[in-house]
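After this come two complexes, each holding chain A, first together with chain B and then together with chain C.
Entry: the complex of A and B
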């Protein structure tokens, strides 16, 4: 199936506008001013979705969709955010010793979910020119992906599915809310399908294969970290999202990072940012530079971070090059030390001159005990990515390693 | 007399690491930060071996290797790089490289690769 990028962009915009309506409803009902942080469409397997949700305890509202748009949705709050909402919405409502809200609180959350999701789907119905039916809201308190309606991930057992995710944040309180929508795969695929002669179409099966190659690249990069530092690392989350280019910076956490940015040139071309939070950068430098350093990292420490960025980049992109039987050059690493959004903004600005949306591949490398966290953001140039996918031979997708011994 | 080695890498950190690995058994004649410096220092020191990075500013390691082996066909050059792309390796072979080590490396891998080339 070839997917029309413009259609995917249109549906992403509908989700963004829907989330803005939902956030406005939340603000109106609670007086808590909220805004939409980011809306993306992600292509995920069941395991990917489970990795993203983790074991977080959620308070949620499940609603099924039918009619012009069929699928499943959930509005989810973490426990603390839900408690803050309940405090405002149902003063005097209580939670028992296990944190379970009483009936009135549940009813309040259910209603807010109903109203927010109504706002979310209205724009879709208008665009599609068909009514979208909603099931009655179902209040749940569950962990991880169990907050999603039962059966929502059945299809993801066998193949990747589209997941729309909108994150809403309160302006001056620690409140986060998430809207997840999983459209029914077949119907949504039909909505996205492009004709064969469509220039601006991406082959979806190859995009899925490329996503898997990227995941393995992230594993290789994590392995390189372990080899260089002696610190055991693994890839926690790896996912491929489709986001408006102006939202790319908002996908980074609100945190200061030290790391490297590189431009990779070839097919595909684009940018790669490898970002460590400050304590992780310190951990790496302590593990690789056996000397006392000036604060914060010293020249040699910064050089170690640059070199690690260099080595991780190769781990990441070499597999693409070997499968595609091409070479991908990258610039020497540029050391960065700033807020995540400030680091990604110039990249989005450069790519934004020629594209409205980005396929963002982000991976998180962590240690088992969580003392180390590294975020990798690969943002290919859309045109170059399309060229790469067109030339990708799926049957070669396991040829990630170079045959060095035959050459030397 | 221990064999003379020229280290070429744009990273202070990596030059330091290679120096630590090699200085016990080799004479480190100099260090270069890019391909242009590498060619100049090769001419100046005529080393027995060059440990050459690929991705460097100003001039990359494959171009520098090509120029070194073009003027001295007996030059021994080992690419010492993070790049693990087959096409790059083929380019390195064409440029006259004798060996290829991918970072991150351990000391035994480096010494083994040097043995294969310089023995």
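Entry: the complex of A and C
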């Protein structure tokens, strides 16, 4: 199967508009001003799903879809955000000492879920020219991957799943809400399928190879950090998503980072940013530089991070080169110390001159005790990525995952 | 939730402008945008009409079939100005303030940085519209966050720990 990038873009836009409707409904019902932060569509393996949803607690609703669009959706709030919304929506309803919501609160969450998801699917129904049926909302209070529709994880084990994710945030308050939509795989694959002569298509099996490249790159980078600092590290999240180019800068949090940025040359071309938040950078510098350094990080600290960025970059590139079985040229990594969105904006700007969407590969390197976390963003040039994948031998992808071909 | 006991600005409505996005206010709202790197921020204010607008554009010049005009500096400025006119602003009375367009890093490349080109196209577009630029905080190699006060037209720029009022 080949995936038509253009239609993936169209569905991403429908999800974005749907999320904006949902956020507007939330604002209208609660008076809390909210906006849609990022919408992306991610191709996830079972491990990706576990990485992303593991270790978190959510309150929300699940709603099944049928008719023109079949699949499953979930609207999820973290416990505190749900409590703030219940406070406004159903004054008097509350959470008991264990943080469990009472029946009134649950029905409030159900009601808002129903209305928000109704807003979310409206645009899809219009676009598809067919009505979309929704099951009644099912209230859930669960941890981690269990917030996802039943069976989603098992399906991810058999084949990668597409996950549409939108994050909504309140302007003046600490409230976050997430919409997840997992279209039914077969039906969605048909919606995406491109005719063979379409130049804008990427073979699906090779896209999953690219997901593997991200994972290997991040693991090699993490390995190099461990050998340099003696701190044990692990790759927490690693995923391939597809986002409008103007959303790329927003994938970094709105805080100050220090790290390195470099440009890949040749095939695949693109950019790699390795970013530590300031407390993490501090931890790393204290572990590697054997003297007391100024507060905040001065030139010495910055140069230690630059060195680390260099080492991680070469690890990441080795991971890619392994999968692609080619050498990859790149510019020397440059030190950056600024707001995350500002750091990623020129990358989005450069790529945005020739493409409207980006494949974004983001990974997080963490330590078991949470001493630091480091975010890696690899953003390939879309045309160069296609070339790289086109020249990738299919036998190579067979080697990576022996049964891949039988799945598609 | 209402915030009490703070200055007037914090109780005013705050509207967030995303990337490739703009907002217009005729009731003195504070328009904010954050993480401007190579992107351009354009604050426009018609004092007599009490109408303000803020755009956050990402790329210099729009192609013919642009699907989101707010993404580009030329069409983005045109879009804010026409939205302001609908709220009662007159082009002759609009004054502009520019911020952003920095070169966060020097890529190994011959072409001029996106930031510089965003600023250049911003200036040309405003000149074409006959809107004078009364203040600018552009270029350099640091990111910026903006707060544009819709009641006064004051643009507060935060960058690398500094705060400047334009």
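Definition applied: the second predicted complex is superposed on the first by the 383 of 408 C-alpha atoms of A that agree within 3 Å, B and C clash if a C-alpha of one lies under 4 Å from a C-alpha of the other, contacts with A are read in each partner's own complex, and residues count from 1 in each chain.
Methods note: a residue touches a chain if its C-beta (ideal position, glycine included) is under 8 Å from a C-beta of that chain, and two chains touch if they have at least 3 such contacts.
Given the structure is predicted, the values throughout are model-derived calculations rather than measurements.
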item	value
Partner chain(s) touched by A:34 [first = chain B, second = chain C, both, neither]	neither
Touched partner set for A:12, first chain B, second chain C, both or neither	neither
First, second, both or neither for A:321, with chain B first and chain C second	first
Partner chain in contact with A:339 - chain B first, chain C second, else both or neither	second
Partner chain(s) touched by A:42 [first = chain B, second = chain C, both, neither]	neither
Partner chain in contact with A:228 - chain B first, chain C second, else both or neither	first
Partner chain(s) touched by A:171 [first = chain B, second = chain C, both, neither]	second
Residues of chain A that lie at the interface with chain B and also at the interface with chain C	331
Chain A to chain C touching residues, read off their complex	35, 171-173, 245-247, 249-250, 254, 261, 263, 331, 334, 336, 338-346, 348-350, 352-353, 356
Chain B contact footprint on chain A (complex, rising order)	224, 227-228, 288-289, 299-300, 303-304, 306-307, 310-311, 313-315, 318, 321-322, 325-332, 401-404, 407-408
Chain B to chain A touching residues, read off their complex	10-14, 16, 55-57, 81-91, 93, 97-100, 102-104, 106
Contact footprint of chain A on chain C as seen in their complex	1, 3, 14-16, 18-20, 34-39, 58-59, 67-68, 71, 102-108, 113-115, 118, 142-145, 160
